[in-house]
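First chain A sits with chain B, and in the next complex the same chain sits with chain C.
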Partner chain A sequence: MGMAEHILLGIQAIFAGPAVLGIPLNILMVIGGLFFGIFIGATPGLAGPMAMAIALPILISIFGYEASALLPIVGFLLGIMKGATLGGAVPAILFNTPGTPDALMTTYDGYPMTQKGEARKALKAAHFASVSGDTISDIVLILCAPFLAVFVEAYLDLPEKSALIILSLTFIAAVMGTSISKGLVAIGLGLFVAFIGSGEDFYPRLSLGVDAIAGGFPIAAVVLGSLIIGEVLFAMLEARSQTQQQGKIKQIVLKVAGKLTLKDRLSLLAYILPSAFIGTVIGALPGIGSTLAATLGYSNGKRRHHLRRKEGEPAFGQGAVQGVASTEAANSAVSGANLIPVLSLGIPGNAAAIFLILAMETVDGLNPGPSVFRVPSEGINSEMVMAFGLFSLMILANLVNWLVGGQVMQLMSIMARVPRQILMPTVLLVTITSVYAQETSLYALICLLGFGLFGLFMRLTSIPILPFVIAYILGNILERTARQAFSSTGADPYFLFSSPTSILLMLSAVLIICIFTWKRHKK
Partner chain B sequence: MKSFVLSAAIAAVTMLGTATGALAEWKPNGPIKLMIAFAAGGGADTIARAVGDELQKRHGWEIQPQQVTGGGGLKLAAAMKSEPSDGTTIGMAITESYGYNMVANPGAGITLADVTPLTTVAGFQMGVVAKTSKGWKTIDDVIAAAKAGETLRFGTMTPKLSDLAFLLSDANNLNLNIVEVKGGKAVMNGVNAGDLDLGFMAGIQAKGVASGDLVNLASALTVPLAQTPEAPLMMDRGVPFGADGYFLFAAPPGLDPAARKALTDAIIEVVSDPSTKAGGIIKKAFGGTSIIKGSDVEALLEADVKAAKELIKAAQ
Partner chain C sequence: MAKFTSLKSDMFLGAFLLALALGALFVWIPLDIDTGLVERVRRRNVIGDTLAPTAAIILIILASGSLILSRSHSQPVASFSSGLRIFGYFISVFTVTLMVMRYLGPLFISLVNETSAAELNYRNLRNIWPLKYLGYVVGGTFLLSVLSHFMDNGLSRRRVALFFLITFMIALFFDLPFEDILLPPNGDV
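Moving on to the complex of A and B:
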C-alpha cells in the first residue's frame, strides 16, 4: 500500500471506535482537549504542558495501553496544546496578565487596546492570528515530517543516529536557560537519573542495593515532579515573598465597538504570514520554544509596522492590532512544527512535545521515529496510519478552532480572576492524584515529591529544568542506540566517528557549544 | 409421593450445591496482583492484561495489573518471591527468566525454589529472519555471504539469543556483529530499516513472511517452524541448543495447591478460548496455545536450567 492509501486509512481511523452522542470518541477527545486547553491557557499560572502532564496519567488509566487508546489520548493532548496557546492571549489582552509565558508580547498591544475599548477586536485578532499560524504550521508538519523521516531512515545508520541525539541534546543545552554550562549540567543530571536502574545488564545499575530504585524511578513521577511540583513549590515560595497580590483585577466590559472587519483581517495577513513562518522554523528546531518565536515575530512585525504605519495608527506598544497578530501567529505556529522532530526523529523539542512522546511511548500503536513513515511493499504500516490519523485530528481541531475557538476564548475570560493561592494547591492535588492513578503506589508519590524538591532546587539555582527532562526521556534511547551502534560496528570504540555524516554531526555539537559560549561571552 | 418429590428436590439441591461447591472451591481473599514482566503496551503485555480482564469477568476476581519490568524477568522473580503465597499474586514472564537469565545472574539470588510455575500459554516461533530483498533463501546463504567477507549485523533480543548467535558464528568460522536490541519488534524494525542484516524474531515475523517481505532463514527451535517447516534448523548448522521458550504464568513459592489448581485452570480456560481477546492474539501470533502445567512445567524449567548452564559454558 502506498502513502496515499495510508493517508485515507488515517482519516478513516479518526471515525473508528466508539461514539458518544453520535460523535466518534476520537473527535470528541480532540475537541474536548481544545476547549480544556483554552481554559488552561486563559488561567494565569497554568500552562498547556502542565495540563498535558496531569492529563496523561489520567487518560492512560481510563483508556489503557492498547493501540486503540492512542488516538483519543494523543488527540486530547494535541487539543490542549493548541487550545492553551490561544487561551494564553485572553488574560494578556483583558487584564495585562499573560496566561502563558509566550503571551507576554500580547500584553504590549492587547491591553492598551482593551483600555481603549477595543478588547473584542484584540481578542478576535488574536484568535484569527493564532489559528492561522497554527494551521500553516500543521500544513508544514504534514508535508515535511514524512520526507524528513524517510531521509533519516535512508541515510542515517546506528552511529549517525547516536550522533544526532548527542547533537540535539547539545543544542538544547545551549539554547535553553541562562548559561550553557548550566544547560549542560541539566543534561548531565537528566542522563544520570535515566541511567539509574536501567541498562542491559541483569544487575540493577546505580541502585546502591536499594530494591525500590532497582527498576528505576517511575517516569511520571520524575517528569511531573520536576516540571509541575517544582513549579508549584516555586510559585508558593514566590507568593510568600510577595506582599498581597498586586491590585485586584478590574471589571472589564467588552465594548461592541471593537470589531475586526474582513479588510482588517486581510491587512493582518501581512503580519501573520511572516510570523507563522518564524514560528514554524523555530518549532521545528528542538529546544527553542514558543517564547522566542513570539519575541522574534513581534520584533519582525514591529519593524514592518514602523515602515508602513499610516498617519493616526497606533504604534507597536500603544495598542496596535498588528502587534497582537504578530505575536499570536508566531507562538501558535510553534505547536505544529514541534511535532516534526518528534515524529520523524523521536526527539522532543519542548515541554509539550515531551508529553506527546511519553504518550506515544507508553501506549502501543506508534513509536515515534524514522520507522513511522516507512511504506511497506505489501500490507499496512499501522504506525503510519496512526500518524496520519493524528494529522487528521489536528486539522479537525483547527477547523473547530476556526469556528468556535473565538467564542470559547471570550467565555474563558473569567478564569483570570481565580486567585493563585487557590490555583496552586489545586494543581498540586490534581498532580498527585494523577500520578497515583497511573502508578498506584505510595513509592511513586514519594518519588514525585522528591523530584518536586529537586525541581525547586533547580529553579532556585537557575538550572534550566527542560533540558533535564528531555535528557531524562532521551537517556535510555541514546544508550540503546549507542550500544547497538557499538555492536554493529564490530565493537569499534570510535563508532561516533565512523562515517563522514557522524563526524559532521559530532563536530556540529562541539561547534554549537563554542559558538554559543562565544556569543554569550561577547554579550 | 409428596415425600418422594421433596426428597428428590432436596437431593437435587444438595447435588447442585456440591457441584458448584467444587467449581467455586477457591476464592482469593482480596484483589489479585498481576505482575507483568513486559513493557506496557507491547504484545506480551496486551496478552497478560487481556487474561487479567477475562479472569475478572469470568470469576469476579479483582485483578490489578502492574508492570515489573527489567532484568529479563528477574526483577519480577525477585519481587514475586516475597509476595504472599495465597493466590493473591501471579505474574507473567517467559520460561527464559527462570532458565538462562536466572543461571546467568546468580547475584540476583533467584532459584527454582522461589517460584510456583502455573502454566505456559504460548510457545515462541523463533526464526532467523531477514528481508527478502537481501536475496537469501536459507541460513546457508548467510553463512556463504559472511564467509565471502561481508560484515553482517545479527539482531538479538536476549542474552541467551546473543549466545546462540555467537555459537552460530563460531561454529561456522564467521565474524558476525551481534547487536542486542530491546524486544522482537526492535529487531524487526532494525531489519526493515537496514540497521540490521538479519535477526531472531519469535513470531512477530509471521505477517511479513506471509506477505513475502521477510524470509525465515532458519528455525532457531529444536523443531521446524510452523509457518515455514522447510526452513533448516539452526541446530543442524553447528549450534547444539534451541531457542525454545514459552510465555509463563507463575506465582510465589509454596502456593496453596487449591489456589494453584484454580488459577491454572482459569488461565488455561481463557487462553484456550479463541473468542477471548487473549486467546485470539495467541492464535494469530503463535498459531495457538502451548499449555504445559503442573509437574510438567516444573520439569520444563528444570530442563531449561540444565540447558542454560551448558549453553553458557559452550559460549564462554
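Moving on to the complex of A and C:
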C-alpha cells in the first residue's frame, strides 16, 4: 500500500470506534480537548502542558493501553495544546495577565485595546490570528514530517541516529536557560536519572538494592513532578512573595466591545502570515518554544507597522490590533510544527510535545520516530495510519476552532477571576490524584512530590527544567541506539565518528556549544 | 522573588553538583553496577551498563566545573537558610498529607473496633462510602488549606470549607465515573 492509501485509512480511523450521541468518540475527544484547553489557557497560572499532564493519567485509566486508545487519548491532548494557546490570550487582553507565558506580548497591545473599549475586537483578532497560525503550521507539519522521516530512515544509520540525538540534546541545552553550563547540567541529570534501574545486566543498575527503584522511577512521577509540581510550587513562592510586597489584587471593571470587520481581517493577514512563518520555523526546532516565537513575531510586526502605519493608527504597545495578531499567529504556529521532530525523529521539542510522546510511548499503536512513515512493500504500516489519523484530528480541531473557538474564548474570560491561592493548591491535588489513578501506589506519590521539590530546586537555581525532562525521556533511547551502533560497527570505539554525516552532526554539537558560549560571554 | 543565581551562588551550586557527581562517579557507580564500561559477551565486545551513567556524570562534572569557573554577573541572593526553610516546609506538609491520607481510614477503623468490640478491617471496607474518601478528603483539605495559607498569609474558615468541598468534588470526579480508579490510599491497603 502506498502513502495515499495510508492517508485514506487514517481519515477513516477517526470515524472508527464507538460513538456518543452519534458523534464518533475520537472526534468528540479532540473537540473536548480543544474546549478544555481554551478553559485552561484562559485561567492565569495554568498552561497547556499542566492540563495535558493532569489529563494523561486519567485518559489512560479510562481508555487503557491498547492501540484503540491512541486516537482518543492523543486527540484530546492535541485539542488541549491547540486550545490552551488560544485561551492564553483571553486574560492577557482582558486583565493584562498572560494566561500562558507566550501570551505576554499579547498584553502589550491587547490590554490597551481593552482600556479603550475594544476588548471584543482584540479577542476576535487574537482568535483569527491564532487559528490562522495554527492552521498554517499544521499544513507544514503534514507536508514535512513524512518526508523528513523518510529522509532520516533512508540516510541515517545507527551511529548517525546516536549523533543526531546528541546534537538535539546539545541544542536544547544551549538554547534554554540562562547559561549553557546549567543546560548541560540539566541534560546530565536527566540522563543519569533515566539510567537508574535500567541496563542489560540482571542487577538493575544504580538501584542501591532497593526493590522500589529496581525498575526505575515511575515515568509519570518524574515528568509530572519536575515539570508540573515544581512549577506549581514555584508559582506558590512567587505568589507568597507578591502578597508580601503588594497586598491584595485589584478587581478590574470589564467592558467587552469593538468589532473586527472583513477588511480588518484581510489587512491583518500581512502581519499574520510572516508571524506564522516565524512560529513554524521556531516550532520545528527542538527546545526553543513559543515564547521566543511570540517575541520574534511581535518584533517583526512592529518593524512592519512602523513603516506602514497610517496617521491616527495606534503604534505597537499602544493598542494596535496588529500587535495582538502578530503575537498570537506566531505562538500558535509553534504547536503544529513542534510535532515535526516528535513524529519524524521521536525527539520532543517542548513541554507539550513531551506529553504527546509520553502518551504515544505508554499506549500501543504509535512509536514516534522515523519508522512511523516507512511505506511497507506489502500490507499496511499501522503506525502511519495512526499518524494520519492524528493529522486528520488536528485539521478537524482547527475547523471547530475556526467555527466556535472565538465564542468559547469569550465565555472563558470568567476564569481569569479565580484567585491563584485557590487555583494552585487545587492543581497540585488534582495532579497528585491523577498520578495515583495511574500508578495506584503511594510510592509513586512520594516520587512525584520528591521530583516536584527537585523541580523547584532547579527553578530556584535557574537550571532549565525542560532539558532535564527531554534528556530523561531520550536517555534510554540514546543508550539503546548507541549499543546497537557499537555492535553494528564491530565494536568500533569511534562509532560516533564513523561516517561523514555522523562527524558532521557531532561537530555541529560542539560548534553549537562554542557559538552559544561565545554569544553569552559577549552579552 | 530572588533566585539563587549570583556569581557566588553559581559557584556554590557548581561545587555542590561537582561533589555529588564525584561521589556518584567514585562511589555509587563502582559499588552499584557489576559490569564494566565495555564487556566481552559471547566473544563479542559490547557496551557495559557502566558506560552510559559514567558519560552522564562526566557531563555533569564538566558543566559544574564550568559553572565554578564562569564569570557571570551578580544578582540579588536569597539567603541559603530561607531556601532550606522553604524546602523543609514543603517536605513537612507533604509528609503530613500523605500520612493522613494513608493512615486516617485504618486508624478510624481501629478506633471503631476498640470502642465497639467489632472486628472490622479497612481493606474490606475501602470501597464503602464515605470511608473510602475519608483519608483522601481530610488529607486533601489539609494540603489545600496549608498551601493557600502559605501563599496568602491567612486562611478563613470559609476558605477551609471551600477546600473541603473542592477536595470532595475531585474525589467524586475521579471515583464516580471510573470504576477502576482508586483514590489514595485505597490501592495500597
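In this text, the second predicted complex is superposed on the first by the 509 of 523 C-alpha atoms of A that agree within 3 Å, B and C clash if a C-alpha of one lies under 4 Å from a C-alpha of the other, contacts with A are read in each partner's own complex, and residues count from 1 in each chain.
One rule holds for everything that comes next: a contact is a pair of C-beta atoms (placed from the backbone, for glycine too) under 8 Å apart; a residue touches a chain by one contact, two chains touch by 3 or more.
Note that the structure is a prediction, hence the values are computed from the model and not measured.
Visitor: Once the two structures are overlaid on chain A, check if chain B and chain C clash or fit side by side.
Guide: Fit: chain B and chain C sit side by side once superposed on chain A.
Visitor: When the two structures are laid over each other on chain A, which of chain B and chain C touches more residues of chain A?
Guide: More residues of chain A are touched by C.
Visitor: Counting only touches as set out at the top, which of chain B and chain C does A:487 meet: first, second, both, neither?
Guide: both
Visitor: Touch check for A:203: first (chain B), second (chain C), both, or neither?
Guide: So A:203 meets both chain B and chain C here.
Visitor: Once both structures are overlaid, what angle do chain B and chain C make about chain A, taking C-alpha centres and a multiple of 10 degrees?
Guide: Between chain B and chain C, as viewed from chain A: 70 degrees.
Visitor: Identify the partner contact of A:371: answer first if only chain B is touched, second if only chain C is, both if each is, neither if none is.
Guide: first
Visitor: Between chain B (first) and chain C (second), which does A:440 come into contact with in this model arrangement: first, second, both, or neither?
Guide: both
Visitor: By the touch definition at the top of the document, which applies to A:115: first (chain B), second (chain C), both, or neither?
Guide: In the superposed model, A:115 contacts neither chain B nor chain C.
Visitor: Mind working out whether A:318 is in touch with chain B, chain C, both or neither, as first, second, both or neither?
Guide: Neither partner.
Visitor: In the superposed arrangement, which partner chain does A:420 touch: chain B (first), chain C (second), both, or neither?
Guide: second
Visitor: Looking at A:407 after the superposition, I want to know if it touches chain B, chain C, both of them or none. Which is it: first, second, both, neither?
Guide: neither
Visitor: For the combined overlay, can you note the least CA distance between chain B and chain C, rounded to whole Å?
Guide: Closest C-alpha pair between chain B and chain C: 5 Å.
Visitor: Once the two structures are fitted together, what part of chain A is touched by chain B and by chain C alike?
Guide: Touching chain B in the first complex and chain C in the second, residues 200, 203, 440, 483, 487, 491 of chain A appear in both lists.
Visitor: Along chain C, where are the residues that touch chain A in the complex?
Guide: The contact residues of chain C facing chain A are 1, 3-5, 9-10, 13-14, 17, 21, 24, 28-29, 32-35, 38, 44-50, 52-53, 55-57, 59-60, 62-64, 66-67, 70, 72, 78, 83, 86-87, 90-91, 94, 98, 101-102, 136, 140, 143-144, 147-148, 150-153, 159, 162-163, 166-167, 170-171, 174, 178, 180-185, 187-188.
Visitor: Per the contact definition, I'd like the list of chain A residues that touch chain C in the complex.
Guide: Against chain C, chain A makes touches at 58, 61-62, 178-182, 184-185, 187-189, 191-192, 195, 199-201, 203, 205-209, 233, 236-241, 243-244, 420-422, 424-426, 428-430, 432-434, 436-437, 440-442, 445-446, 449, 453, 456-457, 459-463, 475, 478-479, 482-483, 486-487, 491, 493.
Visitor: Which stretch or stretches of chain B touch chain A in the complex?
Guide: Counting only chain B, the residues touching chain A are 40-42, 45-46, 49, 64, 66, 68-72, 74-75, 78, 101, 104-105, 107-108, 151, 153, 175, 177-182, 185, 189-190, 192-196, 207-208, 211-213.
Visitor: For a test of understanding, state which residues of chain A touch chain B in their complex under the given definition.
Guide: 64-66, 153, 157-158, 197-198, 200, 202-204, 211, 214-216, 362-365, 367, 370-371, 374, 376-379, 440, 480, 483-484, 487-491
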